[in-house]
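I have a structure here, written as structure tokens, and I will follow up with some questions on it.
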Amino acid sequence: MSVPRTYLDHAATTPMRAEVLEVVTARMRVLGNASSLHASGRAARRVVEESREALAAALGARPSEVVFTSGGTEADNLAVKGLYRARQAADPRRRRVLASAVEHHAVLDPVKWLADAEEAQVEWLPVDPYGRVDVAALRASLAADPGSVALVTVMWANNEVGTVQPLSDVVSAAHEHGVPVHSDAVQAVGQLPVDFAASGLDAMTVSGHKVGGPLGVGALVVRREVELVPLLHGGGQERDVRSGTLDTPAIAGLSAAVVASQEEQPESGQRLAALRDDLVAAVLGAVPDAVLNGDPSGDLRRRLPGNAHFSFPGCEGDSLLLLLDARGIECSTGSACSAGVAQPSHVLVAMGAGPELARASLRFSLGHTSTVADVEALARAIGPVVERARLAGVVNTRKVSA
Amino acid sequence: MRVLAAMSGGVDSAVAAARAVDAGHDVVGVHLALASNPASLRNGARGCCTLEDARDARRAADLLGIPFYVWDLAERFRADVVEDFVAEYAAGRTPNPCLRCNERVKFAAVLDRAVALGFDAVCTGHYARVVDAGDGRRELHRAADPAKDQSYVLGVLTAEQLQRALFPLGDTLKGDVREEAGRRGLAVAGKPDSHDVCFIADGDTAGFLRRSLGAAPGAIVDADGTVLGRHEGAYAYTVGQRRGLGLGRPASDGRPRYVLDVSPVERRVTVGPADALDVRAVLGVRPRWCGPPLGGEFHGSAQLRAHGEPVPARARRTAADTLVVDLLRPVRGVAPGQAVVLYDGTRVVGSATVDRVVRASSDVAEAGRH
Amino acid sequence: MSVPRTYLDHAATTPMRAEVLEVVTARMRVLGNASSLHASGRAARRVVEESREALAAALGARPSEVVFTSGGTEADNLAVKGLYRARQAADPRRRRVLASAVEHHAVLDPVKWLADAEEAQVEWLPVDPYGRVDVAALRASLAADPGSVALVTVMWANNEVGTVQPLSDVVSAAHEHGVPVHSDAVQAVGQLPVDFAASGLDAMTVSGHKVGGPLGVGALVVRREVELVPLLHGGGQERDVRSGTLDTPAIAGLSAAVVASQEEQPESGQRLAALRDDLVAAVLGAVPDAVLNGDPSGDLRRRLPGNAHFSFPGCEGDSLLLLLDARGIECSTGSACSAGVAQPSHVLVAMGAGPELARASLRFSLGHTSTVADVEALARAIGPVVERARLAGVVNTRKVSA
Amino acid sequence: MRVLAAMSGGVDSAVAAARAVDAGHDVVGVHLALASNPASLRNGARGCCTLEDARDARRAADLLGIPFYVWDLAERFRADVVEDFVAEYAAGRTPNPCLRCNERVKFAAVLDRAVALGFDAVCTGHYARVVDAGDGRRELHRAADPAKDQSYVLGVLTAEQLQRALFPLGDTLKGDVREEAGRRGLAVAGKPDSHDVCFIADGDTAGFLRRSLGAAPGAIVDADGTVLGRHEGAYAYTVGQRRGLGLGRPASDGRPRYVLDVSPVERRVTVGPADALDVRAVLGVRPRWCGPPLGGEFHGSAQLRAHGEPVPARARRTAADTLVVDLLRPVRGVAPGQAVVLYDGTRVVGSATVDRVVRASSDVAEAGRH
């Protein structure tokens, strides 16, 4: 592609920070298996442990609470399945899993797996039209039979519409009944203030590549007293909870990225929110009937500062994406995980959107490299693009009569 | 020109897209996801819409350095092609779904959408030629490779659609296309052609219809109405079929028996000798004209199956906009629902859907069931 | 450490190849989630698929047979659990898992997990004194009740003593009964000729960092018609068998490393075998009563060319390691996965060694950076080191009388 | 000097190792894995041998830039310390496992192995001082911090062992050690001290013994043999214990009752008034001398518990190499199995294991049970 790119898809992945790239590259040049007992093994181990300490400090956790994984998906799988299996083993009555209806697939699918294969009874917690989980429904669900609940899992902030969940209410509701809470904080880190200890959470998922860190690495932060059944069995490198040779360079990079993004967050949260507000204003200016999905307040406590999510009535998200892409503007129709064929977003459907509006949606997400120029590029393009997409949208929904 | 290349994941559409790029067009690749439940790689044989095909198409687009998207047309495909296919069989007709797909999906929904999005043309890997008639009009002609010629399934395209169709393989032999794919480093170079109906992955059309329509047992009879056997569903039989009738004893005259007629409504399959299959004329409905609509009487050739032989034919339109086609050499085993495509030399004149056939052994046109 | 290091622990991890480092670093500088639909996503996807094709070609597999994972441990877990669950779901009678007694922990522990938690009946296939699996025992086990066998898993070559397993016999025995075979080929790639199609295997584990590639990445090569239940649920990025954002830089590095090591193998296999033979001769020269464990033939078809494994009677492996480490020589007492406390190696125990001899053992493993100088350094050190370790060994096994 | 630093994972041994490095020694850190089944981080409270401690020790070593290994001494520890501990209790004695560990593991197995491997000394975080006597001999002295002084548990070291022992914290107050750890960036700076018996993670010694020895119910009696209550195992009681006797009714004279004697073999626990606990002399066996063995009569002080007060004492060896120690101020609640450590001022002279005690209220030495 020779066109200049405008990257508005930081929720999918972010450019690696220069300092992180340096850390990872430097460490890749050094030999060492962190489990080896000799000097180069110890040197690798030292990097791992210093990374663990720095990451823990940045997230308000203790080093011993950090379990490194191959990324957010593995951490979510470990948390959901590991908690369920441990709680269920301790008391066979604990079969209920309470999960918000707007979880990322990395939580959604493990939960469904537990229902399909391990007799879990899943209750999908409803959300309001902004995508915020209904705490009263959670409380009612818990109270109905607290002894049968294995875990609660509610993400910190939604990856599609950016809605920040009322986590402290969720945690206090669950803890009243001694039920552990997991939260996927992949989108929250670097955008919102994240403090594990203060959150009261029992387990929290973190990913590297969403905060300017490397791909293929993440962490599950989990309180020491929480029992987890492992997912990957083997050498037991991460305290017997996770096996696999430690990826020292990636771990160093993850830690550096989390530290940097947490340090910047107070400033960058404000900066991104202002940029995002400009973006929303520009889009609504160019396309007055566009619908801003998620919480309209723009308050950091309610919405991710980097998130803007719209439905463009009469358009197909796919068409918008194609047209913007041709203009060098990169965004997403939702989660980037789907294998090609767009399904109506379960998040929007849970928020009450019809499948047509759901398919007419587009997410713009800002991150550490976002600039005013990005917003200006989108502002110039969005009007004509939506106009064209509407033509295509009308054409495409017209049934051919034979 | 801004060109949308429909890329199936096969070798033909990949080379077609490559040639469009070479020709200097601004090409975007699109894979049409047509299956409602796209089969994951691991649970099924190949059909045209598997994830593996999407991946192959994407790899080809990567290699060509063109943007690539997957368009979800499953809903349209289901409504316009699959349901039509089942309904036609249920009515005792024998449809051609590829033709229907070209008519209603590829050169309708896809083309329309492409045009709306600013594209000038849709490019496919069909073996057929679009020739400039000199007066701004474009003509559809048979491909240079007679064994691969697909002009028959494109005989439903209108002049308007032809204006925006690009078939870069029309001049080339299939073997050369494979060789070219290899030369270009396209991984699909050695991929086998798909032959069967794409949405019936295992090739078992009878089974597919049985699942779609349920069992409908009935009798297999001869021309006199004598019951010779039983069947589980008339739709599983095709006019002209010889094998799999399971009649046990041979005909009294010792000659092989063929399916002459399929009547799902009456749950009746009629069998008889080969010569009773010969058809000397067909009545076509819903004509489509690739160029100017037929005026007076047409003299040329007609083709009744995708890989059938063309036969000399005469045709004329009737007042009710149906088409009567006299086949100057009888054609064996024509079923209602098939398309009759008229050719003037290599040029496709137009097409219609066979509604009734006139048997060589009879003087009466035989009606298809509606 | 300022002492010059002699690295004789390639079986634990290998230095990254210069060309791989370049590939990984270059790709880390480029943004892109391989599941994103826009230009940078497609560019990432292209790298992934080209890597897949190159890796498949190098290993005698088809691209569609390659499932990228976070490493050998995940691939082993996916193969063992995924095969068991799929085969068991298809026919509940299939509860037996036949595994060699000398598997790596990444296979051993998942197999044990299946026994503990999922009612698998495990049969550990015995090995001969060289660590070679007893095919007659396998045949007998299969024949006893073929319909109840879920899978057979036998590693390609042992990570501790380097013994190459009679895989083709294992495969033909299992396939006679339609039982799928998995093999952990982590140690084999780059050292032995590895051809997936020719092997007849149904699934094969490959790791990056053992062949000069990056940490944190590996692959399960698995035949298309083999059903696998996923381990990590989520976006379904790897054909719904494995979820998690694809680690494009690591995948590119893995592929480059496998391609390079497979290309070099015919030459490097010979080179390493010759080097290893020198090493064995030097050690036995300096310590005449040292015992070479594993197959003594040194034939590539019987033993990994880079492997030399000894027991030093009267010594503790720990002491030897410490003393060699102090002299800048890095080796291992066995698998590097154990969390600190040495357990007698299950491999040596399965081969019939007593716990004392097992604890007296040391592995030297050669790889792509090994040189004559490495062997010479060991040759100089091993005599005095063993002498000292023997003193310590005697002291340490003397029970204090009160 | 080549120094092996035993690093427990706590703050003391970390700072001790750091000081050894600062002193210019060539230091290697070793964590002694003493538990047979090293508890994973997640299933247990802290003991001295958890994986977490090993990790903390390794982190400290990392920071100091010294090599670090884990030595598996679980087998030795079990045989020499844990089994001894249980056997002693089973015999009605009250052992000190830390002292046993120093005697048989840290300054025996570990030191011997270290020396064999070429080390000159073992360094630990004990609070005690080794002072050069000027004639090449080294003396063991109390630490500068009286609250932390651990010379008692080192009273088993022989002169030979002392030659190779390094206690860099002997001159320092605990508070200063913590501060120094923080200054050095050692993560363990804030880690709480471990107090209890390290191999009894939950601190429930009685429960541990019950699990090890099984239930052995018997009677709780007074000095006259009157049965006052029942117990589930005599080993759960310690001489001098007042609480948890569960006797229900008070003594006839209204005074609190204490455990005076524990006889597991007879399954008998004897209780009585506090003054019956006072001991005025002990008979020690297996004497160990930190310097020259005691020649004539010793005048100095004796200490009978790790954190007990020293009392003025006289001591002499008997022909059978036992030690008679007269306590010039009676000591309350001394049990067989405890160590008596003799001090000359701050200098440790030697120690012995209490075999019998002589009560202030009696004229007869009371035998421990073997």
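In order of appearance the chains are A, B, C and D, and numbering begins at 1 in each one.
What we mean here is this: a residue touches a chain if its C-beta (ideal position, glycine included) is under 8 Å from a C-beta of that chain, and two chains touch if they have at least 3 such contacts.
Remember, it's a predicted structure, so these values are computed and weren't measured experimentally.
Annotation of subunit B and subunit C: jointly contacted by A, touch as defined at the top.
If you average the CA atoms of subunit C and of subunit D, the two centres end up 46 Å from each other. Inter-chain centre distance (subunit A to subunit C, centres taken as mean C-alpha positions): 34 Å. Averaging Cα coordinates per chain places subunit A and subunit D 53 Å apart.
Within subunit B, the positions touching two or more other chains are listed as 51, 67, 69.
Looking at subunit C, one finds that residues 37, 39, 240, 321, 325, 339 touch two or more other chains.
If touching chains are joined by edges, the resulting network of the protein chains shown has some other shape, matching none of path, cycle, star or complete graph. Of all possible chain pairs, those that touch are A-B, A-C, A-D, B-C, C-D.
If you check the complex, the residues on subunit C that touch subunit A are 1, 5, 7, 9, 12-16, 21, 24-25, 28-29, 31-33, 35-41, 43, 70-74, 76-77, 85, 104-106, 108-110, 112-113, 117, 209, 214-217, 229-237, 240, 243-250, 321, 324-325, 328, 330-333, 335-339.
Remark: subunit B residues 40-43, 51-52, 55, 58-59, 61-62, 67-69, 187 touch subunit C in the complex. For subunit A in complex with subunit B, the touching residues are 318-319, 321-323, 325-326, 339-342, 388-389, 391-392, 394-396, 398-400, 402. On the side of subunit A, the complex with subunit D involves touching residues 37, 39, 42, 45-46, 49-50, 53, 63-64, 224, 227-228, 239-241. Those residues of subunit D that touch subunit C in the complex are listed here as 28, 31, 33, 38, 51, 54, 67, 69-72, 74, 76, 79-80, 84, 104-105, 108-109, 112-113, 115-118, 286.
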